[in-house]
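Several structures are given next for inspection.
What follows is chain A paired twice: with chain B in the first complex and chain C in the second.
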Partner chain A sequence: MAFRHLMAVARKELAHILRDGWTLSLVLFTPLLVLILMAYALSADIQHVPIAVLDRDRSPASRTFVAQITAGDDLELYATVEDLGAVEDLFTRGEIKGALIIAPTFAADVASLKGMPIQIIIDGTEPETGGFAVEQIGRRAAEFANAAIVNQLAGAAGESLQTIDLRVRAWYNPSLEPRVDLIPGLISLVLAFPALSAALTLAREREHGTLEQLLATPIGRGDLLLGKIVPYIIVGLINVILITAVARVWFRVPFNGNFALYFGLSALFMFAALSMGVLVGMFMRTQAAALALSFLLLFFPAFFLTGIFFPIVAMPEIARLEAMGLPGTHYAIITRGVFLPGVGIEVLWPYAVMLIFLGVVFTALAALFFRKKIG
Partner chain B sequence: MPPESPIIQTFGLTKQFKHVRAVDSLDLAVRPGELFGLIGPDGAGKTTTLRLLAGLLDISDGSATVAGFDLKSRSESIKPLIGYMAQEFSLYGELTVLENLRFFSELYDVSRSERRERTDRLLEFAGLTEFTDRRGKLLSGGMKKKLALACTLIHRPQILLLDEPTTGVDPISRRGFWDILTELHLEGTTILVSTPYMDEADRCTRVGLMFGGQLFACDTPLAIRAGISGDLVALKAADWRRAKSILQDLEGVLEIQLYGDALHVRIDSARKRLPRIKRELRRNGVDYRSLRPAPVRMEEAFLSLMGQREQKS
Partner chain C sequence: MNLRRILSLAWKDTLHLRHDWWLPAFMLLGGAMELLLIGWATSRPVTNLPLMVLDGDQSRASRTFVSAVMNTGTFVLEDYVRDEVAIREALARGTIYAAVIIPPGYAEQIIRGESTIAVLLNGAESIPATEALRAIEGVSSELGLAIMLERMGLDPQDVEGFLPSLRVWFNESLSEAYYTTPAELGLMMEFTVLLFAALSFSRERELGTLEQLLVMPYSRLELIVGKSIPVIAIGFIDFLLMLGVVHFFFDVPIRGSLFLLLILALGYILVELGKGMVISVVSRTQHQAFLLVLLVGMVDFMFTGYAAPVESMPAILQYLANIVPAQHWLEIVRGIMLKASDLRVLWPQIVALIVLGLFIGTFSFRYVRRALY
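The block that comes next holds the complex of A and B.
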């Protein structure tokens, strides 16, 4: 180990990041851009789902019902049709995502409290949207039925009644905005981007032919690899500051923990993720291949395994073990803990230990497998 | 006086890639202070040989020592002693001339004061003094090569391994480059340089001719050219096509090549054959302006030696 060699490589790498516009934007702005895009994409409500209505009753009651169902922004009355054939036609052309069929006995059945003869058909190829349509129609139908019952009862009792009002309250994220809960998890995902660029750096030197000259020098393997990691840790930490600020100011995500602690733990994450990136990129000859493989290994499992979108406890044992081997898993837990509940090191230390462990293992493996040969 | 023991030596050095044997049982010995040229066409195995000697590739078979270190076990010990220059530009395009020099000086543990002193000298040497702050990628082809050489020289290596340093360089820069190499040679540096240009062979103290991964001749340029069989005559004729067709079938004519407006005719013996050649040309009414002995060029020697080798095998 020669510190001077390490610093020479680190300085060179930093100069490259700062002077090459593509690398600079990849490491500095991509995480931010992806965070903003995903935050909006994931939290955007489903709106204006086109549905068709086949009203076989044609009573004032059924017309009121249809009007109530399509009153919000969520469902949109795309067409009123005369028969089932027209419904099927609209489905196959992809123009509607759901259909509501009202039986001829609707008004009579509701008035006599016998039930509500309606049928809902959804496009099963889009279960997310279809399920949403069912949920919304069902909710409104229940309200409609509720009101009918209340009216009957009130008529019998001769006084007005209140329907049941159920309110759900969520702790730590009181307004239940999806973003606030998602953003800390997303942050841990997008901060893997610097690791991606680290995966590219060795392949880039190989492509540009600079690796040949570098390997002909007496530089040690450890110095070379660490020299490549250090600048990206710095860039990654700049990202941490930038992204925390954006989360705080733009998305108004509360930051209840200690920022200094978060910064320190982020440095550990960067170390672990970057050594993983270098390890992955080492085996690839071209930047394109390195990009593809590291995407597969750094991001793809991160989506499923970091617990951002799917809870880890619901996973099979083998996938859970794999999740433990990914720096992103631990960092996701740290990030979520620091942001909303604001927990400290007394809770987070096991994850910090895991990050150090992974970083050391990945670096050691990289140094072990890296040979100063070009063949 | 016994010859000094070689500073670079290979025994049956072989590099087998998946589909090609790039270097095939190569026996090479370069003595300290030599300016040794590896001459051969593209694909002859020059680059692989130099990469092997620089410790950048694993040896498939055979052995090699550089500066007394075995390449298989001690390739890292060799690295501080050699200066290797790759064929392609392999410096950092994003760094300036000065930054590139500084980067390599740090990797070779050149002290700060030494660096300052050597940088100025090398920049002047390479004619890059005006371009110190220019980024590597913005330099011209010749300047890139000179910068690469300067970076290779920053730690004053005993041994220089240069892979086609003049390929893609204009003729004037090429000449300047060889002047630098000659100067380094006079200072005592051992230089192993590869080139596809036959005319550059004459600036080496010794050359090795390579083809198909093998060394098929190894001697001083003078001896190599003298080793060619027969004599060479240059013939200038108005109708060279006709002259060529007449000479082709004559006894003793080994080879005919066209150089500019002259035919270079290799014959087994000028003394014996010239009268007959003149007679035949006159008899066929071919008007020739001159017919005189010509000096053998390295290119002709290379082709002739290669032909002899093929006949043998």
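The block that comes next holds the complex of A and C.
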């Protein structure tokens, strides 16, 4: 290992990135653009969910009920239909996400406290909006029923059916707004992009036949590998600054931790993610193959398995193990920890250690395979 | 147009693939395997969320509440704690997603009908936190109702009729695989086609062999068609394999016409091919092509409704979503597989795909032809 050699390779690699503005701007701005897009698309509140109503009662009570259900912004009365066939048709066309069926005995049953004969139907292929519709309809139906019961039972006047009062407090994100925690989570995803670029660099040398030239120089294998990584660490760290600024200023995500600590841990993550990228790219002779492999091993798992959208604790054992081997998993925990609770190294050190460990293992493996396959 | 010349070019590209056998192998088998893993990992309800309990009452009533919460299956009990400091610390560390605090005197309060239970959630992960809240709210309203009825001297069965009955169409068993895997299938196919198409010319250009191709007696049209054939073939085989995984491993039914699905898959591949070809000629290197694919693919992903429903996006984005082919494509995949939709229902999506395809295709063909010099 010679520092001079390492820097020489890094300078050459940096020149590849800087040589034309197109590549440079893509490398620099792809993560930022993707983050902004995803943040906008993901953080919208669910509203205007279209539902259909089939009112078989047509009484004043049922009409009041329907009006109460569709009073808010969240549910939208898309159609009032005459029969179940029409409901089915609207569902198949995907025009409604939920339907409310009111039985002919609605007014009579509610008045005699026999019950509330309604049925909710949802589209099981889109459970998010469907579940939301059920929740909203159910909540308002309960209010309606509550009022009806209280009205009838004179002795219990003024009481509510809800005896347990839940006082809910969500820490760090009081309104449980997805944007606040998804943006820090997504940072770990978009910062994995430089790792994908790194996967290409060794394959590029092989594809162009310039790897042999590099090997003929006195540059050691470790220097070569690390030299390939360093420029992308720099690119990644510039991205960290840009992205944190956008998250903070544009999206108003609170940043409660220490930025210097975050920057340092980000460097560790870049090291781990990039050595994983180089390791993946090592086995491929062409950039196309390196790309295909890194998509499968770096990109898709980073998306689904790092716990950004789906909690890791709820995954099956094997998926959890794979998640532990992904630098993004640990980094996602770090970003969320630094952004929201603002915790310091005393809490985050296990994840930092894991990142270093993964980085060292990946680099060592890369150096080992490098000797076997190429050297 | 000369068929033999086109085929010779397609054959040359196929040879490239064979030479680099990892590429097709990984794209085909790897895609299916990855789909298996991801589908398996994400197609289940949220469970196992660590929960902390601070039971200040230690009565039968409070224990009933805690065990009802545990019975939802959403949680695992992390610990019983004695004070809020432990909860605060665990929330900061992110080791728990929720905490339930039952105040002293809960058992008496509940008889008077004014009990309070505090729920603390880890807002740093809002998706599981929301899930946790939903479960606890369900328990509290059920228990609350039971207690209230008891107090009013009513039989719980009397008011059972007040709970709305729920039916879920197209996915009666509420299997999460039903809605995650068809979307994942559609998206992975899109990425495969885009990536292969994008590399087709950028690779030749980067390696300097594009000029050789251009001086050969190929017409521009022949070049484009010849380059497209392997991409279409790979995309389609990939789709078949992944469809097999979704159908046989995840038991997702194909309720509509398989034939229609395959035809439309082929059509969709052509649309994405057009986009990939444009990327392939604007890029000077494979690296650039790849980054552009990533950008375009992620934009498409956002508008497919996989991660967030399109209806809830800002109005401008909803209009934009209409010009994203992937959105119509996912609608088609879901419709045919789960809702047994046929042409009568799917025609708007199909027309949209055809219009977009013609538009993208014409533009891409003219653009690519001009750019190939």
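Criterion: the second predicted complex is superposed on the first by the 330 of 375 C-alpha atoms of A that agree within 3 Å, B and C clash if a C-alpha of one lies under 4 Å from a C-alpha of the other, contacts with A are read in each partner's own complex, and residues count from 1 in each chain.
The definition used in the following text is that contacts are C-beta pairs under 8 Å (C-beta built on N, C-alpha and C of every residue); 3 or more make two chains touch, one makes a residue touch a chain.
From a predicted model like this one, the values you see are computed outputs, not experimental measurements.
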| said: Contact-wise, after the overlay, does A:D20 reach chain B, chain C, both or neither (first, second, both, neither)? | reply: both
| said: I'd like to know which partner A:A8 touches here: chain B for first, chain C for second, both or neither. | reply: first
| message | Under the stated touch criterion, which partner chain does A:T210 make contact with: chain B (first), chain C (second), both, or neither? | response | first
| query | For A:S275, is the partner it touches chain B (first), chain C (second), both, or none of the two (neither)? | reply | neither
| task | Report the partner of chain A that touches more of its residues: chain B or chain C. | result | C
| request: Using the superposition on chain A described above, determine whether A:S59 touches chain B (first), chain C (second), both, or neither. | output: neither
| request: Using the touch definition from the top, say if A:T70 reaches chain B (first), chain C (second), both or neither. | output: neither
| Touching partner for A:D123 - first (chain B), second (chain C), both, neither | second
| request: Classify the contacts of A:V134 with the two partner chains as first (chain B alone), second (chain C alone), both, or neither. | output: second
| note | Going through chain A, the residues touched by chain B and also by chain C turn out to be 20, 208
| chain B-facing residues of chain A, complex | 2, 4-5, 7-8, 11-12, 15-16, 19-20, 208-219, 372-375
| request: Flag every residue of chain C that touches chain A in the complex, lowest number first. | output: 20, 22-23, 26-27, 30-31, 34, 37-38, 40-42, 44-50, 65, 76, 91-94, 97, 110, 113-130, 133-134, 136-137, 140-141, 143-145, 147-148, 151-152, 158-172, 174, 176, 178-179, 188, 191, 195, 199, 203, 207, 284-288, 290-292, 294-295, 298-299, 302-303, 305, 307-309, 311-314, 317, 331, 334-335, 338-341, 345
| task | Would you tell me which residues of chain B are touching chain A in their complex? | result | 17, 51, 54-58, 75-76, 79-80, 82, 84-86, 88-95, 99, 103-104, 106-109, 135, 148, 151
| Of all residues in chain A, which touch chain C in the complex? | 20, 22-23, 26-27, 30, 33-34, 37-38, 40-50, 88, 91-94, 97, 109, 113-130, 134-135, 137-138, 141-142, 145, 149, 153, 155-156, 159, 161-174, 176-178, 180-182, 185, 193, 196-197, 200, 204, 207-208, 283-289, 291-293, 295-296, 299-301, 304-305, 307, 309-311, 313-316, 318-319, 322, 333, 336-337, 339-341, 343, 347
